[in-house]
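These are the structures, in structure tokens.
There are two complexes below, and they share chain A, which is joined by chain B in the first and by chain C in the second.
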Partner chain A sequence: MTAQQPSLMCPVEVSNLQRQLDGQTVLNNISLNVRGGDVVGLLGKNGSGKTTLLETMLGFGFPAFGESLLWGERATELSGATKQRVGYVPQRDELPGELTPQQLFNLYRQLRPRWNQALVERLMPEWELSQTKRIRRMSEGQKQKLAIVLAVAHNPDLLVLDEPVASLDPIARRQFFQQLMDYACRDNCAIIFSSHIVSDMERIVNRVWCLENGQLTCDSELDQLYESVVRIDYSGQIPQSQLAELTGLLHSETNRAGGQLVLAEWTPQRAKELEVLGLVDIRVSALGLEDIFLYWHGGAHGR
Partner chain B sequence: MVANVNGYLALARYLFVPLMAWRILIVVATVLTLAVSVYFQSRGAGNAIHTGLVLIAVSISLGAMVLPVRIRELLASRVFVLAAPSARMLIVLSAFALAMWVLLVTALVVKGATLEGLRIAALVWALVSIAAAAAIVFPVAFFIVGWAVFFALTREPVQAGVTIVYAGLPDLALFALALTIGALAWIGLHRVALAGRITRNAFSVKNLKGQGSGPAFTLFSRIRLGSGEFERFSKTALLSAHPTLAVFLATCAAIVVCFLILALLSLGGDKPFSPLPSDESFVSNVIYLFLFSSTMVVVMVMNVVRRLRSLWLLLPGDRKALITHLERVLLRMIPVVILPVSLLYLGPVFFGELAWQKVVEVVVVSAVLTVLSGYWFLFVYGSDSVWSGLGSLILILVFSVFVLFSGASEVAHPALWCGVIVGLALSLVLRHKVHQRWARMDFTALPTGWPL
Partner chain C sequence: MFILNPGSGIPIYRQLVEQIRRLVAGGQLQPGDCLPSVRELASTHAVNPMTISKAYNQLEAEGILVRRRGRPMEVAARPTQADTPGQLLEPQLDELIQAARQLGVEVDTLPELLDDYLRQLRKEKSS
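The block that comes next holds the complex of A and B.
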């Protein structure tokens, strides 16, 4: 058996990951992988474990069980060369406030052999960031932009962004996603990012992970998700007891004339199943990612 | 009215109620001190309980030095400043609480409510009011000037001048003057706070520089990093920690300048360097100077440690390598901070006023205790237990007693060297524990902010 070449390995492989903080299980039995070229959106409610998952994936913390590998290396024991292939934007501001971006770039340039100064010089004016203003004098949005510049400037092969657009205005958000799309077009570059702004996310991701109470409830291609989670409007009546037994039922609403269902694991063949139950005039419509997320996690109109 | 009372209560709770761990420590320390005092009193020591109470009051007063930081935090909060009555409420509460505390402590020290006590209390209130206002508005400048004033006040000529002024003023004038100065300090603070001129960053480089925001205090930024892993670590860490380093260097410079000015002022007397520590004043000076050095080492290491999380993906090496590098930074900083302070004693040694062996002893004891404090800090950083707080308190006490003892002791006192050996042994044990702990450090749970 020959060892796999590092460049051909999956950027991220997580298997049976369990994470505990203060005796509480924060992540439970998570297995997933990211292939080169994937753009993954991580969704979940506040406190569902998104940040912990991203941080554990990058080796900031030790799993209680299972492991996270980056290009085959254990995340908590990454070599210098592998660290160079990762770009990370943390949720919290971790920039040294007394420095200016210029001073920080000078430092990073010496620590990152693949530093792309041309990219920095293009992005800084484009994102209206001053190179000479002290970081602590910057607004939250400006700091977030700077953190993104620092994360992408060494052309990483894996870019992990933890709520990168939370403090950005709509224009900056658009610029950020444009930049991300440029990035996604590069060969074998993988991107993972979490965000609550789902409408932005669905423009760019090709895969979606959903976390709920520390468990991965969905790991699906975006197109597959659109096809498998649908809204069904129908006429006719169906007893509540039978409705509850429907596989993948996320939401149901009935009125005198008929009702509405939201079903996961939908296939066109299941229309027959519904007709057998007595539903007529079945109309299937697709949902946006935000609606899917809300139904999935029992949000405003969820379970 | 009710809203006002509730507001005062909420502010008082924030300002004066410490964390649970500290509450326990204060109660334990108070009970222990009182128990020891009662024991000695019962064995015939006439003043033991009074001394114990004074010691407790002074300790609590020292602990209250953290209050300006909390007041500054509140005044820097935009929401708080926008609500002008809250700022006024905070300042009135602080001024009143300070006055009451000073009156109580003075009455305790002078054993009763006397006119002399009232005069002293008014003076102390005025001085502490000025100091508190300065610490809140200009923390960095206060830190530097505070050291200079402190050292100036320990000098005989300055003390004599202050005594003359103090004795020369009539009681009523002094009392009125003190109250006016104290009130002006709080009124000034109120005006500055309402103008929104207090910002959140305590260590503002701009305050240090006094103008603009040029690169004067940016150290190491132009140094190119070499290929060595440790070299990369230490320079990145120091660059990230540079505000503390800048404050440290500025403070060191202020102390040295202060000493030199005092030395120049006293030239021409019988003793060429009388303001510098002579044999008699060595004991009283040495503890502050070396406590300052070791505190600065711990503060700088803390700054590096809280940046360690962000360095995880930036620097090569696993956790073991990072802690080894951090340890090397700690060990290299010790001579950097202790040697400049030690140099101040070269003058008296040169002129034969001080035995060189004594200086060597103090330097060795300080270095060992600083190593011990550094390892202890790395051992407990991030753990929020009462034991870590209690251990830190004991370490500070041991440190103070040892440095004081080393200054006062005869040269080559065996107990002192035994202490040094025990300190070294403890450091080695702690080092082992530190390496074990940091090899599996969870960076997600590592505090990245300052502890206050």
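The block that comes next holds the complex of A and C.
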């Protein structure tokens, strides 16, 4: 059954990827994997290289070094059949304004053998989109929804969404994520999406990537991230210089009675280490992803 | 059916596990009752299906739920009563003790404070 083999391969394997634009390195030494069933959230400040990473991963541009493989095929040389397995929603819509959705669907249907008209017929009214309105007359949110319908209508096995919800209102966003999670229930389907709306990400991703200045600073299971990055309140007076030695220190501040730390690489066993330093009455609490992200990028992280 | 709080820093699978444990311990979910399918929960709550499978797997390993081929997850005939309702309140009690310490309230006086508070609640209810 050699024909089965490709579907078992990793949807995405990126190794030592480097990308240069106008002589500047915008992605540096990135290695990562996406397995079937993964829903990955890509976080990063504006200009950190998120869009470039997604585009290079999909083979829309040539890396200066390293490679990106989709189901084992080099992304810049994908076979026609493999291309059909990818769905992509770009950050800015590239939809032809003079056409109506209906005309666009008719066009796409001829290009996409796996086109699922039934899904289109279901999603359009659900998302309150008209099939006969010209695209240029649509709002940004409507265009974004249409771009999503177009990206999922051929049942891709890898769905990549660059800021898919930026223009959507909270109700549309929830509908979108409900649909997306329904989609994620299919076998071996993988989803990657970038967003600034961290609370959405917390519901739906199982893995988080953080990009900072073109480098991957975090590639972790979300649940593991929650357990390894924590806030610690303590009593006792400890010189800051001593605290600075702590592994994974992201943030530290003191007050009259004690202080507060944010530590990465936390394990419950490390409480001993803190007690030895003289911290007493240690209270460990969990942080939401938004806080983790802020400390990760703003704190004095010792990595 | 479930209340999920994504910003809390508590993994969503753990929130689900705790809520199902409570529903079983409190009798709202009875032996033989079916739970929604992974797909149903994933799309209604807009939550990653793997998260729900993870919660169901853990509850199955604990003997609270059972899986039968081709059928939805079910509450076990005799769910392991490892946790009494009282034990399930321990995280909330921990929080209370922590807050008391931060406020400099003697932990020994907590039962008294709780008594007073319950009495007050009853009075408000009857008036």
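Convention: the second predicted complex is superposed on the first by the 294 of 303 C-alpha atoms of A that agree within 3 Å, B and C clash if a C-alpha of one lies under 4 Å from a C-alpha of the other, contacts with A are read in each partner's own complex, and residues count from 1 in each chain.
The rule is short, and it goes like this: a contact is a pair of C-beta atoms (placed from the backbone, for glycine too) under 8 Å apart; a residue touches a chain by one contact, two chains touch by 3 or more.
Fair warning: this is a prediction, and the values are worked out from it, not measured in the lab.
*Asks:* Identify the partner contact of A:G61: answer first if only chain B is touched, second if only chain C is, both if each is, neither if none is.
*Replies:* first
*Asks:* Applying the touch criterion given at the start, work out whether A:W115 contacts chain B, chain C, both or neither, answering first, second, both or neither.
*Replies:* Neither: A:W115 stays clear of chain B and chain C.
*Asks:* Could you look at A:G288 and tell me whether it touches chain B, chain C, both or neither (first, second, both, neither)?
*Replies:* second
*Asks:* A:N206 contacts which: chain B (first), chain C (second), both, neither?
*Replies:* It touches chain C, and chain B stays clear.
*Asks:* According to the stated criteria, A:F177 is in contact with first (chain B), second (chain C), both, or neither; which is it?
*Replies:* After superposing on A, A:F177 lies in contact with chain C but is clear of chain B.
*Asks:* Regarding the shared-chain residue A:E98, is it in contact with chain B (first), chain C (second), both, or neither?
*Replies:* first
*Asks:* Any idea which chain C residues touch chain A in the complex?
*Replies:* Of all residues in chain C, those touching chain A are 4, 6-13, 38-39, 42-51, 54, 98, 101.
*Asks:* Quick check on the complex: what are the chain A residues that touch chain B?
*Replies:* Per the stated touch rule, the residues are 21, 51-52, 55-56, 58-62, 76-80, 83, 86, 88, 90, 92, 94-100, 103, 106-108, 110-111, 134, 136-137.
*Asks:* Inside the complex, what are the residues of chain A that reach chain C?
*Replies:* 37, 39, 174, 177-182, 184-185, 199, 202-206, 222-223, 226-227, 281, 283, 285-291
*Asks:* Which stretch or stretches of chain B touch chain A in the complex?
*Replies:* 201, 205, 213, 215, 217-218, 221-222, 224-225, 229, 232, 236, 239-240, 242-243, 307, 309-310, 312-319, 440, 442-445, 448
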